[in-house]
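Sharing a structure, written as structure tokens. Questions coming.
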Amino acid sequence: MDGNNIGYLFAAFGIIWLMVFIYVFILLRREKSLRREIAALKEGMKKP
Amino acid sequence: MRPRILLGLSTLLILAALFMVFIYVPTDKDTGIIQRIFYFHVPVAWVAFLAFFVTFVAGIVYLVKRNPFWDIVASASAEIGLVFTTLILITGSIWARPVWGVWWTWDARLTSSLVLWLIYLSYFIVRAYVSEEERRARFAAVVGIIGFVDVPIVALAITLTRTQHPSAIIFEGGLAGSMLATLLVSIAAFTALYLLFLAVRIHLGEDEREIKSLKEAMRE
Amino acid sequence: MKSTAESSSVSLAVETSGLGKSFGNHQALRGIDLKVAAGSTLAVFGPNGAGKTTLIKILASIMRPTSGSVLVEGLELRDNAEKIRSKLGLVAHQSYLYANLSAWENLDFYARMYGVEDRGKRIGEVLELVGMTTRRHDRLSTFSRGMQQRVALARALLHKPSILLLDEPETGLDQQALSAMWDIIHRDNCGRTTIFTSHSFERALPVCDDVVILERGRIAYKEQTCNLNLDSLKQKYQECTQAVGK
Amino acid sequence: MKFWPRVMAIAWKDILSELRTKEIISSVLVFAVLVLVIFDFAFDLAPNLMLEIAPGVLWVAFAFAGVLALNRAFIPEKEENCLEGLMACPVGREAIYVGKALGSLFFMLLVEAVILPIFALLFNIAVLQPELIVVTLLATVGFVAVGTIFSALAVNTRARELVLPILFLPIVSPIIISAVKASALALGGTGWGGMTSWLSIILAFDVIFMVVPFLVFPYVIEE
């Protein structure tokens, strides 16, 4: 049964890291947009 | 600063774990190469459990102290827990396919994980349906507490019903030394990764709060 | 007239210090310091959203303050909530009455909750007081707003509270019904302290000893009624609400 | 000693109000019977297989009926904001929880008492067995203990009809599983011996979910 199973092993392995990277990506993107929003808000507070 | 240290630490541990899982550790004689999923599957499950435990504790601390920070911690940890529970379900199902010949089976631990997943999904549904911040934090804390207390009972009831899950050999001392070492390094790697995620996610939550208070300040 | 004298010789029914309440980032109350002398009547004015209802709810120990403390008859509210609640009577915007139960059943339920002794007799008394004796066995859902308000008042007076809290009692009542209500409150009075919120200077001023104006969660103005007339109060209200509104 | 009279007052008030309108009991009953009938259609089974799926059908009916009943439990308290009136009363907030839970327990048991004979009739099963009755009683206690706190929580969310089942069903899954298994054993005539492990899970659930919600309920209703 060994021969084909390596595919499953790499599928599992790949999916774990894919999901981890997707999650990291989402976190970073959220972080970036929040940063931008904060900067914009602070800018807006200074002017008027 | 600290996220950077965590990032370094988890990178290091992950590289070590990868080396051990794919090169160092010998292939299991009975189940073959697929057994190596175990070195990811178990740490992922451990992280999910740890994450929900942190949500549980943060919920209690929130109810006592009423500091919004603890709600951020609780929801951050629950989110990571949900991501990792999803991973348990996926890796479990990939394991099931070659070993049992099906993608999904109502095996005790898979079923328990599914119920766990549903419980913490409802945690976020409750959060989504309460708009007032303080009330949302309270309700979420209550769901986080009750949900976590429920986990062992769910596991017990489902285990009594059915099980075809590979029995937890680690707890019976049946695991070879090299396998145990690999597992432990992998657990350490995933735990470091969890802490990194938690730090980043808490930071995110704090930013969100800051935006809210800035908006509030602008309105006044 | 008794009044909220600052001197310590007068015993205080309610005393708050630095009372604050925030909902998320919104601060509903900020640093309320209030002294209400036993037996006096205090009227709280303020525009919508000034924190009047929040103040009443905190005093009734329904809501917990974010900061500061409340002393009721010398007892800390946070530590003695259950004891203090039995001294408080509350009439809020809503009647707190169950639509499917009759007036009598509603009052009987609350009498049990407050541990009123000799329930039947006391319920009879308060129903008589609010003039609802003849309809005591009718369901609440068949009552008009004004009648419900009367039963709500009866509910608040059931356990002979020494402090009565009323949140905008004039809403939904005409002048006649309102003066009937104050008449009832005074008739059942035995040195009771009353705190009520109001929108109407004309209706509130004749019945209160002290006046407080809330604006954005702060006390903007505080005065004894004997130093005020209707016009000066209205003027003051304008000043307060506009000054902070800038 | 001040605790129980007030708990009973709250429960009695709910029962009295319900006996007036019969809103909850009637709608829940109709719903539960519908569930039974639909399952009867869906599984057109031979009589010997009936015994195997019947316990599952019974508990699906009970669980859905419970969701429906519990969804209504806090609605009267919201209508004239009566919950606030209760909170202003000189009782601990725990008393409100216990009182509401007892009221709901009464409705649920009443509904179950009617459902069981109908179930017996439709599925041709003898239900009057002490084992089955004990299982039903114990499981319903756990149902209501969890359901009451989630009902109080759900009523303050924007989609209460939706939030309660989503929260409630995963959490009570151990009760449903154990009750189904224990009921199957009871109907199979195994006697008490085989049921102990299931009964002990239900009991453990009951105890835990009487204590935990009791402790956290004040945080759900506070403002």
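Per-chain residue numbering starts at 1, and chain names A, B, C and D are given in the order in which the chains are listed.
Criterion: a contact is a pair of C-beta atoms (placed from the backbone, for glycine too) under 8 Å apart; a residue touches a chain by one contact, two chains touch by 3 or more.
Values in this document were obtained by computation on a predicted structure and should not be read as measured data.
Participant: Between A-B and B-C, name the chain pair that shares the greater number of C-beta pairs in contact.
Facilitator: Spelling it out, more C-beta pairs touch across A-B than across the other pair.
Participant: In terms of Cα-based centroids, which chain occupies the most central position?
Facilitator: D
Participant: Just how far, in Å, is the C-alpha centre of subunit D from the one of subunit A?
Facilitator: About 42 Å, centre to centre.
Participant: So the centre of each chain is just the mean of its C-alpha atoms; given that, what is the distance between subunit A and subunit B in Å?
Facilitator: 16
Participant: Averaging only over C-alpha atoms, locate the centres of subunit A and subunit C and give their separation in whole Å.
Facilitator: 53
Participant: Quick one: which residues in subunit D touch 2 or more of the other chains?
Facilitator: Each of 222 in subunit D touches at least two other chains.
Participant: Residue numbers in subunit A touching 2 or more other chains?
Facilitator: Correct list: empty.
Participant: According to the definition of touch, which chains form touching pairs?
Facilitator: A-B, B-C, B-D, C-D
Participant: Residue numbers of subunit D touching subunit B in their complex, please.
Facilitator: So the residues of subunit D in touch with subunit B come to 146, 149, 153, 156-159, 162-163, 166-167, 169-171, 173-174, 177-178, 181, 197-198, 201, 204-205, 208-209, 212-213, 216, 219-220, 222.
Participant: Applying the document's contact rule, which stretches of subunit B touch subunit D when the two form their complex?
Facilitator: Those residues of subunit B that touch subunit D are 63, 115, 118-119, 121-122, 125-126, 129-131, 135, 138-139, 141-143, 145-147, 149-150, 153-154, 156-158, 160-161.
Participant: How about subunit B: which of its residues touch subunit A in the complex?
Facilitator: For subunit B paired with subunit A, touching residues are 32-34, 36-37, 40-41, 44, 83, 86-87, 90-91, 94-95, 97-98, 193, 197, 200-201, 203-204, 207-208, 210-211, 214-215, 217-218.
Participant: Along subunit C, where are the residues that touch subunit D in the complex?
Facilitator: On the subunit C side, the touching residues are 57, 60-64, 82-83, 85-86, 88, 90, 92-101, 105, 109-110, 112-115, 139, 155.
Participant: In their shared complex, at which residues does subunit D touch subunit C?
Facilitator: 2, 5-6, 9-10, 12-13, 16-17, 20-21, 76, 79-82, 84-92, 222-223
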